[in-house]
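Just dropping this structure here.
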Amino acid sequence: MARLRGTGIAAVNYPTGMNLGGDPSQALIHATTSGSFVVSLSATDLGQGLRTVIGQIAAETLGVEFGEIVIDTADTDTGPHDMGTFASRATHRVGNAVIAAATEARQALLEVAAEELEAAVADLEGDGHGNLMVMGVPARSVRIADIASMAQFKYGRTIAGRGAYMKPKSPVDPETGAMDPDSTEAHACTVAEVEVDTETGEVTVLSIRSAYEVGRQVNPTLVQGQIAGGAWMGMSHALYETTAPYYPAVDHSPRDFSEYLMPGPLEMPEVESVVIEVPSSDGPYGVKGIGEMTANSPIPAIANAIYHATGVRFDDLPITPEKILRGLDAKRSGPS
Amino acid sequence: MASTIVAFELGGREVEVMVKPMTTLQSALRDQLGFTATKEGCRQGGCGSCTVLVNGEPMLSCLLPVEDVAGQRVTTLESLTPAQGLHPLQQAFLDTNAFQCGYCTPGMLMVAKALLDHKPTPDRADITQALTGNICRCTGYGPIVRAIGVAAQAMRSSEEGQAR
Amino acid sequence: MTVRSYFLPRSMPEAFGLLETHGPELLVMAGGTVAMPLMNDGISLPGAVMGLRRAGLDALEVAGGTLRIGATATLTQLLAQPAVPMLREAARNTASWSIRNMGTVGGNLFTPPPGGDVAVALLALDAGVTMAGPRGERVLPLAGFFTGFLTNQLAADELLVEIQVPIRSDPTVFIKFGRKHANTPAVVTVAVRLRWDGAVVADARIALGAVGPHPIRALDAERLLVGTSLEADAIAAAAAAAAQGCEPFTDGIATEWYRRRMTGLFVSRALEQLAQGAEGEGR
Amino acid sequence: MSSDLNVVGHSVQRSDGIGHVTGRTQYTADRSFPGMLHLKMVRSPLHHALIKGIDLSAAERVPGFVRALTARDVPHNRYTILGLIGVEPEEEFVLAEDRVRFKGEAIIAIVAETETAALEAVSKVQLDLEELPAVFDVEEALEPGAPIVTHWGNNTFMFEGHPCRRVRLGDVEQAFQRADYIVEGVYNTSPIEQAPLETTGCIAVPEANGRYTVYTNTQALYFSLDNAAIILQVPGSRLHFVGGTVGGGFGGKVDVIVEPIATLAAMKTNRPVRFTYSRAEEMQVSSTRSAWRIFIKDGVTRDGRIIARKVTSYADSGAYSRQTPYALTKHAANAAGPYAIPNVSIDAYCVYTNRQPTSAMRGFGVTMASFALEVQMDKIAEKVGVDPWTIRFINAYHNGDMKPHRKLVEDATLIETMQSAATLVGHDLPDDLRAMTSAPRDAGHDGGRD
């Protein structure tokens, strides 16, 4: 029995946003009497943590604590339009819309605070933790929570903001394909290590190690979550998953999770990663989308590692043990 | 097709449901009792998201006629959550980001609870073996395996603290 | 048809009474791990179902050199018993923890391939099955129980009540090879039991799963081993015979070709383990 | 860098975390309403067939049967979700009319008091179908005489007059002549199911004010509402969609499959109606990631520079294209990879077959391009005789380079990302690669481009 080891790499880019643009997101923000801020959206949290990162962006722009933000999504009676959560667009698009709405709300806040502090709006600054003050005079300071309350009961004003973000739709030249298909590009490079059992054709993935460049991490823990989950899905696509096991034949299409193969906890190697940040020009605080791409580079990295281990190329996904065994057989019996 | 009344213990209290024949425990919990922490991911016994404990043992509520648990002790995620705060397993899942969409999380937690009840100091192999019936499409399992280890450690430390 | 009646008999006489009353229309269910998914998906729509979980058939005991396994003893019970190590190994390699808490040993005999891993071990262990019905009880060797894909010797008015496994100290190996390491259908399951006479194999059982319409014996391979000392060429010959003699099928997990190839490989790996074990014990 | 801000860049605890670990988070199917009905579909058992007749009489006798919906009941029986953003043609039906084009295509919706009754009634519907020849391979589908899946006479989606999405930069054929090596590859991938743990589903509830509230796990709330309004031919104001909490999407919940028909059933019965996919439907009926067949031909110089890349891709769209044409455009925009290649030709075909339709999935049009391209890069490295790292550094794009679709590169960090990966795994990069950056190539120097 031989067990062959190999290492493979892959480097990829991934575009942020619906590829031709024209995909708006909007946000409305208003302050409550106690100084919390309700961010109304119709964006969807698929589990990636949209509510959390959008709350962070709103808190950052408003200059309040994260705990003061309430994300209200998704209800078409209360939330303004959003194109949807796909195309690695949500943090970028919704984030930009929320920054716009928060900026407008903050302006309203500053106007009330200026009146209360008897100062000019231009002379006010925030500490990022829920307080506004006259620049250079910390003693003349007021809590945003108090301003929010006063706006309601003393001044009869709204503290609210509207925000929208849309990259205008790009036409495609049908002859040349000239187009503007992205907002920004994130990047990844994965190194995978595998071991191949030459008698069964089984592949054991020993490690998946990646570097990601994602512009700006709003929440590093959630970014790590995407990377770990994506590494698993990439490995799953590379070695296991198919709804047509003998494509293009249509037979034996799976109908449950015992037939639809995906690696389980016993198959998973440790996933290691490093993230670098080079802010994008148009993302909120420099964000680039990372939602989709984390499954991508592991696939060719694993395929290349299998080649490195066996000397046989497998260009059809998924790379099943049977395909590997047949490939190894052909190599043994074929012309050298 | 007359309905019958089935009584069982749910999270320490007696409950009764009136069910048509072959109603699953999953359906009785979710549709009649409003205990929706027990999820419905496949109803084929393949995903583990409906895992509950019957007399302390993990079982799949989608494969159990509720009549089969008459008089038995059923535990769901609802009864794992203490009145104040979180169970150490829940806290560890939260702290280590051991979920994304959260749909598999109740099943994962129930299996983890059963594991730690049986084996308070599991090694990595014990944890991964225990989870092989539960599918997660988001996390890649690593964070879940880590969370259970963290919870076991926390529970031991807390017991040692109490012993002192 | 929407299930009109679900019966949960509390004793065997009650179960037989229900079977007699309702006849073959009554779907008999043990752990439900195979039947329930089909009902949930509307593929199977029986009018009446009898569940055996409370019928008192789940005893598991050693008596007179035999492990007697009630038909509804769970795979978890099987995993816990110390008498027959190969059955522990088979249970450990079947499904997941929750399923093992529900699935039964008897039910495993009715699970279509590529399922039915425990049945493969039972076959290698010369297990017998007891069926009971209006004409009384009868015992068959498991080897004679299966008659085809999803067919067997059980009459419509009978229930499988017990499985008997002779307790022997013979060396055994159980290997389930699937596309994953746990909770996955078999590409092939191999269960081998040998009886040594000094340095020579006196008797051999090789049972295979997922490479036939039901768990099968590799009879040619068994014969080839008798009288050998598991030398490399003897192992190779037996593995080749097992691969040639099996009847694999193609499904979404593996092709016929791959299953046959893996049958040879894992019979060979199982025998190599036994040969090494024999060396270790100084044979 | 993240520390220069107060909240952004910090790993605050997820705001929905407590709900997830206590099971209190409410997903679509966790809701239930008094009098709620259940909807199940009668689906085609054949891959391609004419519908000659439907007999509902036995189904109607099933206890608990409430009603059936057929194509005639659907006000605008066209399912063209990208019509909202101007993509044509209208090709798919909400419920099949006279023909089914894939196994599992929806024909009749059955609404019943219980899920079991609905399933039983579905099993009792008699379909009279006349089987037609079917095609399952993208290249076979393009051959003369192949069974035609669409209603317009060939099996390709038309992109503004072309049977494929084209990208052209420079002159690949001429560059192939000058190349020292030609490296060719063919890559195949299988269809893949998104497999979110929560299956696609919704509950449509009639409200006292004449509106309908639809609780749904769609990934795109307004997109679903707007499409449902078109299919139901009602003003959008009659519909109220509630969602936002989804048990995994991965692209599988961007189709607007369940909401229109569940809402129609609620309208017809004046009762809440739940329509949730079974796991088997999710796998065998719902849209998958397309299978791809990708041909790559590269012209490479002796020193490892790719001077020409020709890509011909076929996405197996299945019987209907849904979001797949958009994936083809995204694919075409990315099919040369993150590399600076002066001569590029890309033809990306969206091909119809009698397979389960395809639509969005994580990595939409790019995942499989990345697979093909990155394996191809290794083949080029081997041919040229350099290591897999070096070939990628030699060809990596820089800011200011022109992509094949003629947009200038702005946010390139491929080089820096590869350098970080090398450090992570302890791979020793030669000094010249270690020193490279994605900065624009020197003015007056073409950066090695041909």
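The letters A, B, C and D name the chains in turn, as written, and every chain counts its residues from 1.
The working rule: a contact is a pair of C-beta atoms (placed from the backbone, for glycine too) under 8 Å apart; a residue touches a chain by one contact, two chains touch by 3 or more.
Treat the numbers as computed from the prediction; the structure is a model and nothing was measured.
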**Study point:** Between chain B and chain C, the fewest steps along chains that touch one another
**Key:** 1
Review point. Among the chains, which has its CA centre at the largest distance from chain B's?
Key: D
Exercise for review: Find the two chains joined by the most C-beta pairs in contact, please.
Suggested key: A-D
Practice item. Find the geometric centre of each of chain A and chain B from their Cα atoms only, then give the gap between the two centres in Å, rounded to an integer. Key: 30
Review point. Using CA atom averages as chain centres, what separation in Å is found between chain C and chain D?
Key: 43
Practice item. Averaged over CA atoms, how far is the centre of chain A from the centre of chain C? Could you give it in whole Å? Key: 48
Check your understanding: When the C-alpha atoms of chain B and chain D are each averaged to a single point, how far apart are the two points in Å?
Key -> 34
Study note, to complete from the structure: Where chain C touches two or more other chains at once, the residues are 2-3, 37, 41, 181-183
**Study point:** Residue list for chain A, restricted to those that touch at least two other chains
**Key:** 46-47, 49, 221-222, 233, 245, 253-254, 256-258, 262, 264, 266
Check your understanding: Considering chain D alone, which of its residues make contact with at least two other chains?
Key -> 13-14, 16, 63, 114, 195, 246-248, 250, 278-280
Review point. So what shape is it, when you link every pair of chains that touch: line, ring, star, complete or other?
Key: complete
**Study point:** chain A - residues contacting chain B, complex
**Key:** 46-49, 221-222, 224-225, 228-233, 256-258, 262, 264-266, 268, 270-271
Study note, to complete from the structure: Seen from chain C, its contact residues with chain B in the complex are 2-6, 8, 31-33, 36-37, 39-41, 49, 51, 53-54, 76, 95-99, 101-102, 181-183
Practice item. Report the residues of chain D in contact with chain B in the complex, numbered from low to high. Key: 13-14, 16-27, 29-30, 32, 63, 114, 195-199, 246-248, 250, 278-280
Study note, to complete from the structure: Per the touch rule above, chain D residues touching chain C in the complex are 40, 62-64, 114, 116-117, 119-120, 122-123, 278, 280
Practice item. State the interface residues of chain B toward chain A in the complex, per the touch definition above. Key: 42, 44, 46-47, 97, 99-103, 127-129, 131-132, 135, 137-145
